[in-house]
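Presented below are the structures under discussion, each in the form of structure tokens.
Next come two complexes, and both contain chain A; in the first it sits with chain B, in the second with chain C.
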Partner chain A sequence: MAGLVVVLTLVLLAALAPVITAWTGWAPETFDKTAIDPNMGGLPKGAWGGIDTEHLLGVEPVTGRDVLSRILYGGRISLLIAMLATAITVVTGLVLGLLAGFLGGWADTMISRITDLLMSFPSLIFMIAILSVVRDVNRIVLLVAVLSIFGWTVVARIVRGQVLTIKHREYVEAARVGGGMTGYILVKEILPGLTAPILVYATQAVPAYVGAEAALSFLGVGVRPPTPSWGQMINNARGWFMTDPVYLAVPCAFLGLTVLACTLLGDGLRDAFDPKAVRS
Partner chain B sequence: MKSVRAALDAPTVPESMPLLEVRDLAMTFRGGVRAVDGVGFEVAQGETLGLVGESGCGKSTTGRMIVRLLEPTSGTVHLNGQDITHLSQRELLPLRGTMQMIFQDPFSSLNPRHTVNQIVAGPRRVLGRDQVIELLERVGLAPEHADRFPHEFSGGQAQRVGIARALANGPKLIVCDEAVSALDVSIRAQIINLLSDLQEERGLAYLFIAHDLSIVRHVCTRVAVMYLGRIVEIGPAASLYSDPAHPYTRALLSAVPVADPKIEAVRERIVLRGDPPSPAAPPPGCSFHPRCALAQRRCESEAPQLREVRGRKVACHYAETSA
Partner chain C sequence: MIVYALRRLAAIALILLVICAITFAIFYLLPDDPALDACGKSCTTERLADVRHAMGLDQPVLAQFVSYLTGIFAGRTLGTSGLECAAPCFGYSWQYASPVWDLLLDRLGVSASLAAGAAVLWLVVGVVLGIMAALRKGSLLDRGIVLSALATTSAPVYLIAALLIYFVILQGELLPFPDYQPVLDNPAAWAASLLLPWITLAALYAAMYIRLTRASMIETMAEPYIRTARAKGLPERTVVVKHGLRSTMTPILTIFGIDLGGLLAGAMITETMFGLPGLGKLTFDAIGKSDQPVVLGVTLLAALFITLANLVVDLLYGVIDPRVRYT
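Moving on, here comes the complex of A and B:
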């Protein structure tokens, strides 16, 4: 429950980023030279990374850009990428897993081979390679594509396994005997049994993708400046963590909170869908 | 022209055409398991044929081929004189009303996410809500059960839902695959009585699958005994019970307890040695010979064919001598 509240709050904050920044008066790209101390090598004025009533989460060293504003806009990017990648992964994996499990035969063989191949790939190295080679493409689209290419295989595996067990349940055979055609059986008899594992998977995939996007941006192959993202902020903050630890702590805290909340939500969903828990 | 049409309309089968006719039915699964190997029988309108045998002998596979959940490897299935052996699922649609199935596990045969109303109305929604309620009442359930989910029922009630579903299309033939085996003994009798009442009321024919002879005793007009994918004895229930001709039938019968304690105390009991062999590698000759007390040399090499013995069909070289 706590997970759900936190996740919803984070999503809401990210969605309302323009409203909130209009209210604070600090856009993510606006420099604030008054908030930094040029004599200290551009460190924010004040002990806590420049946190005061003007900049609620402090400012970026050197430029004086508002950290809250950049966190909100960065969160938008991170969550957008994670959710898009999750959606594409789930839909692709669901369709291919259903086909493989239900049709069997050559369809199953082909899909399973592709799954095996992609899963045995050193995906992180491959992602870094693609992301650093391909240049003039929208980074967000590229990140979503690269994450999805390697992500759907997990869903396809889960779905295929589930379909194989559900397919031979007696109630599916009863539907056949009752005159149910393939479409009916897929949609009405098999799909409902897949919603629980897929929802649980999705709640785990979102934080995993937030983390992956952060990691790739941290490595410098993800979202490019001036677009903010959490991983990129953490990367920038690396050089400052001795002198301005708050600048590093804030994006790390948001990343950690997101991952934790999504994981809690996933556990909660898993319990909610547990048939034994439902029955008692 | 007209006469041709008339001839087509009235199938060229005699009046006494059986409702279901199965010939030389065989099913070989991938990996070479011959689960069913040349099974043939008939079921007449309104009749009950029992199909009995140990676990794994191919009873369910036979039943599933008849309702065409499986496509037979060879042989034929005729329903009302129409060859349905290789019809596609779509071609089978009009026949789905004629033949139905009741499954062994009342719970796994009901989708846990569907209400009873949805389940009984069926994929094609052949019944409206009022008709569903009428059917539920007929099988001994209450109208308010229509909106419940399967897990809210006891095993016996769930099986009643399964029966209502099978009745929804107004079938002529119902394959009952161990329909009462999973139920408590006390509930078994109730369900069997319900099935007999429905049979009389609606002129149903049953193929009643069970793994021991005691269950089928009271419901069957005829009984077929299966062993390792083949029928070893088939005939009228009365004579098969009083005078079994195949050593395997006798062994199965001797496992059935007799109500009278005096007879129970002195009656002969034949214990089957070992487990049935795997259908992937059936023994040569008579596949029952490794476990048969009467087996001779001949049984190890020569497979017995089904032939008339004392008013029924038996597949045993020594069926006459063994009485």
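Moving on, here comes the complex of A and C:
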């Protein structure tokens, strides 16, 4: 329950980023030379990374940009990429997994071989390679694309396995004997049985993709400045953490909070769907 | 079982060939021209053509691919540059002025040391804590372990690395900043230089192994055959270790193989944070300079490790769990 509340809060904060920044008065790209100390190499004035009533989460060293506002706008990018990638992987994996499990034969062989192949790919290296050589493409679209290419295989495997166990259950046989069309059986009889594992998977995929986006941006091949993202903020903060640790801690905290909340939500969902589980 | 292993090896060879072809095609199709980088700033059209010819880049893509493949097994001469590249030849890095294979071997030691030490650490910590939590399910100890596992999984690797560097190296001055030493030269310095990277990487994985071991162990200990073992009057220790742990290990081994296989080139962030000159760092630098032969070489090597790790795991299944049959 706590997980759900935190996830919703984070999404709401990201969605309302323009409203909140209008209220605090600091846009993500606005420089604030008064908040930094040029004599200290551009470090924020004051302890704790320049946290005060004006800049609630401190400011960026050198530029004095408001960290809160960059976190909120960065969260929009990070969460958007993660949710889009999750949606695409779930839909693709669901369709291909259903086809493989239900049709069997050559469809199953082909889809399973492609899954094997993609799972043998060193995906991180490959993603970085593609991201670094493709230049003039929208970074967000590109990130979602490369994350999805390697992500759907997991869903396809889960779905295929589930379909193989479900498709010979009595109620599916009954529907077929009753003259149900293939499409009808797939949507009405088999799909409902897949809801639980897929929902649980999705709650784990979102934080995994938030983390992956952060990793790729951290390695310099993800979202490009001036667009903020959490990974890119962490990358910027890497050179500063010895003198301004708060600047690194804030985006890390948001990243960690997202992962934690989604994990709790996923655990809760799993327990709720699992008839064997006893709530403690 | 031998037939099974041979069939899997053939499949691995095929997968590697396809990965090689895809990676090769992507680099060939993309607009980045390695000759342009090698040619330097004052590059004229004629010089560029010369460089392309010397690097063998003016050949048709299929010819380049075939000569790359034969080079792996038989070695080859690169383009018309007269450079000999002995087997196994994974191409030549113009950036480092060195055959890619030498670069890979050079960096493999660092990555293997990092991966092996971290893997031992997280496997031991994860399995031991997971079992302790499972055997005392619901107790204070269990809750404490589960909660700290949850907290560590959520902590980003950058934060863990930064905290360790900040408190252990800068504030505590307990360790010097990692300066990698080969294990054979000086084992103590080797371990000291890798201790913090090991902890960072292990923290990332241990939490997941705790959760996995705990869940799997709880399920196993509820099985009827455990009750039978207890009813026979076996000591609890034997019940847990010989009967419970054995079937608990099967799912953990699967994940372990996949994780370890992916780790060799996948510890890029940890290597970057600690400045370790491993395969991840090599790849990262190579990508930044569009040193395609190196990226291709690392991709193939990493894919080889992933597929081999999966094979080893599948073969070990039969050793751990006698119910498994190879088909």
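The rule is simple: the second predicted complex is superposed on the first by the 276 of 280 C-alpha atoms of A that agree within 3 Å, B and C clash if a C-alpha of one lies under 4 Å from a C-alpha of the other, contacts with A are read in each partner's own complex, and residues count from 1 in each chain.
Operating definition for what follows: contacts are C-beta pairs under 8 Å (C-beta built on N, C-alpha and C of every residue); 3 or more make two chains touch, one makes a residue touch a chain.
The structure presented is a predicted model; accordingly, all values stated were derived computationally and were not measured.
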| item | value |
| --- | --- |
| Clash or fit, chain B versus chain C on superposed chain A | fit |
| First, second, both or neither for A:L248, with chain B first and chain C second | second |
| More chain A residues in contact [chain B versus chain C] | C |
| Vertex chain A; arms to chain B and chain C (CA centroids, nearest 10 degrees) | 90 |
| Which superposed partner A:G193 touches (first chain B, second chain C, both, neither) | first |
| Touched partner set for A:V141, first chain B, second chain C, both or neither | neither |
| First (chain B), second (chain C), both or neither touched by A:L8 | neither |
| Which superposed partner A:Y184 touches (first chain B, second chain C, both, neither) | first |
| Touching partner for A:A22 - first (chain B), second (chain C), both, neither | neither |
| First, second, both or neither for A:Y171, with chain B first and chain C second | first |
| Per-pair minimum CA distance [chain C against chain B, superposed on A] in Å | 13 |
| Chain C-contacting residues of chain A that also contact chain B | none |
| Touch list for chain A against partner chain C, complex | 116-117, 119-122, 124-126, 128-130, 132-135, 211, 214-215, 218-221, 234, 238, 241-242, 245, 248-249, 252, 255-257, 259-260, 263-264, 280 |
| Chain A partner contacts - residues on chain B that touch it in the complex | 64, 67, 69, 89-90, 92-93, 96-97, 99-101, 103-105, 108-114, 122-124, 151, 162, 165, 168-169 |
| Partner chain A, residues of chain C touching it in the complex | 11-12, 15-16, 18-19, 23, 26-27, 30-32, 138, 150-151, 153-156, 158-159, 162, 165-166, 170, 262, 265-266, 268-269, 272-273, 283-284, 287-288, 290, 295, 298-299, 302-303, 306-307, 310 |
| Chain A - residues contacting chain B, complex | 169-171, 173-182, 184-185, 188-189, 192-193, 275, 278-279 |
